[in-house]
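Consider the two complexes below, in which chain A is the common component and chain B and chain C are the respective partners.
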Partner chain A sequence: MSERLDEGLTPRGLPRAPLRRFVLWLVPWTALLGVGLYAGYRCLAYGLNETNLDNRFAFGLWIYLDLTVIALGAGAFFTGLLLYVLRKRELKAVINSAVVLGFICYSGAVAILMIDVGQPLRAWFTFWHPNVHSMLTEVTFCLTCYLVVLAFEYLPIVLRNRKLSRLPSLLLFEHQLHKLMVVFALVGAFLSFFHQGSLGGLYGVLQGRPFAFREALAVWPSTFFLFILSAAAAGPSFVLATTWIASKLSSRALVRPEVYELLGRVSGRLLVLYVLLKSVDTLVWLNHTSPQLGIHPARFYAFDPFGTWVLFAEIVALGLLPALVLTSARWRRDPRFLVPAAFLACAGVALNRFIMTVQTLALPTLPFDPFLTYLPSWQETMSFLGVVAYGVVLYSLSFRYLNLFPQERELLASEEVTHVPLVA
Partner chain B sequence: MKSPESNVRARYGMVVDLDRCNGCGACVVACAVENNVPPANGRATERTGISWLNVQRLEGAGGRAAFLPMMCQQCDTRTPCASVCPQNAVELDRSSGIVGQVPVRCLGCRYCMVACPYHARYFNWWDPQWPGTIAETLNPAVSTRTRGVVEKCNFCIQRLQAARTRHAATGGDPAVAPDYTPACVEACPAGALVFGDLGDPQSEVSQLAQSPESFRLLERLGTGAKVHYRTRRPWVRQAVADAPAPTDGRTHV
Partner chain C sequence: MFPWSPEFVWDAGHLAFFGAFYSVLAAIAAVLGLGLRRAVADARAGRAHRIAWHAAFEELPARDRACRHQLTGEAPGRVCDNAFDCRRCAAHPSFEALRATHASAVPATGPAGLHLPGDRLYHRGHAFVRPEPDGTVTVGLDDLARRLVGEAEVVERPRPGMCLEEDAPALRLRAQGREVRVLSPVRGVVIGTSGEGAAVTVRVDPEGPLDTRHLLDGDEVGAWAMREIERLQALLGPRELGPALADGGELLPDLGAVIPRERVDGVLGEMFLDL
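Now for the complex of A and B:
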């Protein structure tokens, strides 16, 4: 296979790994994606009896995945908001990557949702006769609209491809789209705020599940606001972490250290606020909401493996700890602290979504209920991993053929390339 | 403009006497036959099967046992499932107080199942199968459901419609259904299920629901369930009720 076969497609002046190596990198991920598609097909063709979900554990791995990737995908809207609205120019260096990540996260979540519902062909019913009181209605509307916005944000990045940009009409279209980016960023931020919040509200309104139920502030339960804040805090960390991974895999600097630092600073400050509000919320829930529903909060943590360590891990180890590291200018400057802290922040939001999804359903509600366990089937697991593989494949293709990191070229010029990129 | 309350004709509810229920399961069978609940798939488990009404066995010390028929509790004031459904597939009928499910609108998202603290909702994990001549025994008054939708007890709402029609045919108010009885109540040989209008203070169900032996499951959640349970056995009450047993000075057996 010629190493120059796709040279005309890769960004001009940016070294990319030999095509053979790139294809070899894609093979296992594509295979995993294929297995994921097959698993998804089985669920659609034969029904959800292919899963280990049941009448009691009606939400499982998929909903957890959806909540987590949507939280991490918040990096797209929040970076856009910071760049286009709050004029944080440094973030131009990662906005393309953030948009691609957002698109991957949201399209992956929508794909999984389509498998997860029993009657996917009836999805349009929600738009036709919606129950405006349901948080899920709000999620469906905003998620769909935001995916369209992300597609429009992704399109100019694709159209700037070396080959495509030779076509004047596409170049003009890209230019016009680019002028609308501020509008897209604003619409995206508006939609994101609502559906991130509604995803939290999804659980916070469950009066029948005292573990998840929260007091309402205005018409929204507190989880509505906490989900927005946690997603906004974890999003920049996710952009930071993925940029670092891309940088390591491509063996070169993609953005200046100041960009990492800014992402870390934004993430850290929001995380501090989140940890503070989450702690207040937890104290209110433990001392007021839960006793008012007639439940001693110790009961929530009486079932292994969900002891109080979960609360500690969520708020302290994966919340306060990364928040402290990311707010310290000295630690932020050191990648040995900055990068693990970003990963911890992402893990924190993932654990929070796990607790809301899985622990809520595992805990008994009726006095004679048992504690429930659930282990996803291979079909659920593989379709989950299929989404991960889809993300890796799409991001790898985007990295190779599109200019995801505008600073890459100038950083390349300022340093001597000493080795060939590993994979992309 | 009419307020929703102005349409209220009845608040149908049930009182289940746990001291009379012997766990025979006649109500379960009657419910399944009346409502075209399909036979369980060969791979179905206790947690994936469909049984709009199931009987829980409660065990106490010394080998004592009690049976608790569980169905949709027909929540009233704060219906957890109706408010969360994204496409109005769950509706609280103000004229009867019955929480109905509209399977043809259901997306199968199962959010209502997550919201229901009584676990009274069932998902069709498989295509319903009617082997042999069972299909010929289906109740024509009830639609069968398809794979991928949620279903649950609706107090045999088709019987309410039929009872209203019968009453109207004899010149009565078409909104009133004096001889309306769900299949489970009709089938119970022990008289453990009492059904009627909770809004009528003279009705037997209303008076039983008000008695000190009666309670509702998860009363503390404020769902306003219209299914009440009653028992004189303290250990049974202890096992199922959140509320403390009545302290009326009587000695319970």
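Now for the complex of A and C:
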């Protein structure tokens, strides 16, 4: 019975793993999600006492997770922008997957943000009593709006499910929504640009934290632009990496090599620009901003484990190196270079967000301040992992029951169309 | 939050912030409203089946969208972009002109022992159309389709008086425990149905002259049947191996019964173009 139901929901003609194996795959992730939900419940019910956050270390694992998944989720808006606005038709092969990834990333970020902020019954206060001078307000509004946009981008993919598409009214709505997707792509790009920037700007304006503070261009600190650029660069790499993982786990090709190559090329070029601007920004900060604030930059790297290796890892190993690989046509064509480079680019943006969140708060700001340490509590860790598990579960379900990769069917048809001359 | 709220201040920050926010919300609402309105208009105009067929057609791999003129060699490698509707194809008349004028009669027996009588026209979804002397047509399953569904059960047949649309489901069958929809090759009003299982036929009144340019006939039927058998072989062969050469013989009369259970659904969907 359940097998028949499962088969009726999977895309026709696309082989999927047997239901039993799929369920076995989901069991540990669902268990992890359950523990994460319990941890989240404890934080909401008993407050931030359940965490190791305090007034001095107010941002921890959760904010790091938020910043990272929002940066990686930029693959959704950027792929949509490239496909619907800049007409890069090859990306049609991954747009559905990118939208699902974006939805997972943003819904996960909003969920964890709600736990962090607490008081869920008063969540609407942020909209009703907004502090318009706070960048966090802009981030909250943008995140909420963009999550709504992503939900409406996800909806047509769900409505194309084999069973749902049999209902004419849903099919017609899906068809029309799909035709209007360019508007969602533009709105998504607008929102994403702003909140990515605001998240960066949030650190750049912290004058009391010289490690994060940056000079302003007009009213925006340089981190505003660097966050946008790094997210746009890492997003396509994340789509590439997840497509590759899905392809390996399902043991079949899901997109043509040209699609990987294009994602790598876009990511690489943006990454080169980002590394260049990040290097300039770092040099200005080391030689001008920091000394002006009365702190020798060497002091920032005097506390273990945050030595100068962090700077090297962020800019060179996880920035310049993948950028060089992804901009080389020869290396891009070789999956042995392309895929690790995409993973490195994603790791680079994750490290950048970690540095901005954790290292910024750990470093002393006054001569008598100690170097702060922070280790997340199990509730923080499990709710963090719960979001990861939620992502895996939702993506797995989407992959099984929706047509995430339109080229999959084409690639499955191993036999190419051939000429059968029957008429002289 | 709103201009009437006591916390709202008429300054640039509030105006820019809320202006952008409400513009975004308005854009989202407008898009949804427009989508809904257009969907209702499509439903009222009866475009649902056409849209469904086009959506299914777009999902077909290039191999399954082979142009009829590719099958007969007039246009090697050509893939159809018109949802198998040759009436909308600008190149179709020129390819027709290319075809030899002395088209031979189609043999009653096609490749692999398939029975494909020449008095019928064939739809790519394996339904045939037989014009009757009284101006009506009979629609049924071609021989390959019958062998695929074997001892099928008719789940849903069109009621007399119902209007059939081209490329919209005409019949629903259950074979090997899986359901498949048979697409209608013509448009018209159903007069009646007869037969059971795979032998079911539908009598249709096209209500006017019947335009059959989108249906296969003549020499191309044999070429198409050969290609369909190749498709079937590809679908049934080991995925990692691809299609293997057959060594002759005839297709089993109840082919569906020997297809591995886990592949029946996919094979039926692909062969009947019911994705």
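Following the convention adopted for this analysis, the second predicted complex is superposed on the first by the 407 of 424 C-alpha atoms of A that agree within 3 Å, B and C clash if a C-alpha of one lies under 4 Å from a C-alpha of the other, contacts with A are read in each partner's own complex, and residues count from 1 in each chain.
Following the convention adopted for this analysis, a residue touches a chain if its C-beta (ideal position, glycine included) is under 8 Å from a C-beta of that chain, and two chains touch if they have at least 3 such contacts.
Here the structure is a predicted model, which means the values were calculated and not measured.
Shared-chain residue A:413: touches chain C; no touch with chain B. In the superposition on chain A, A:258 makes contact with neither chain B nor chain C. Contact with both chain B and chain C is seen for A:129 once the two complexes are overlaid on the shared chain.
Contacts of A:165 after superposition on the shared chain: chain C is touched, whereas chain B is not. Once the two complexes are overlaid on the shared chain, A:12 sits against chain C while remaining clear of chain B.
Of the two partner chains placed around the shared chain by superposition, neither chain B nor chain C is touched by A:334. In the superposition on the C-alpha atoms of chain A, the part of chain A touched by chain B in one complex and by chain C in the other spans residues 128-130, 133, 137. Against chain C, in their complex, chain A makes its touches with residues 4, 7, 11-15, 18, 127-130, 132-133, 137-138, 141, 145, 148-149, 152, 160, 162, 165, 168-169, 171-173, 175-177, 179-180, 183-184, 187, 190-191, 403, 406, 409-410, 412-417, 419-424. On the side of chain C, the complex with chain A involves touching residues 1, 5, 7, 13-14, 17-18, 21, 24-25, 27-28, 31-32, 34-36, 38-39, 42-43, 47-49, 51-52, 55, 59-64, 66, 70-74, 76-77, 79, 99-100, 177-178, 219, 222-223, 226-227, 230, 234, 239, 242-243, 262, 265-266, 269-270, 274-275.
Against chain A, the residues of chain B that register as touching in their complex are 41, 43, 45, 47-49, 56, 58, 68, 78, 80, 83-88, 105-111, 113-119, 121-127, 146-150, 217-218, 220-223, 239-242. Against chain B, in their complex, chain A makes its touches with residues 47-49, 53-59, 116-119, 122-123, 125-126, 128-131, 133-137, 140, 202, 205-210, 293-295, 360-361, 365-369.
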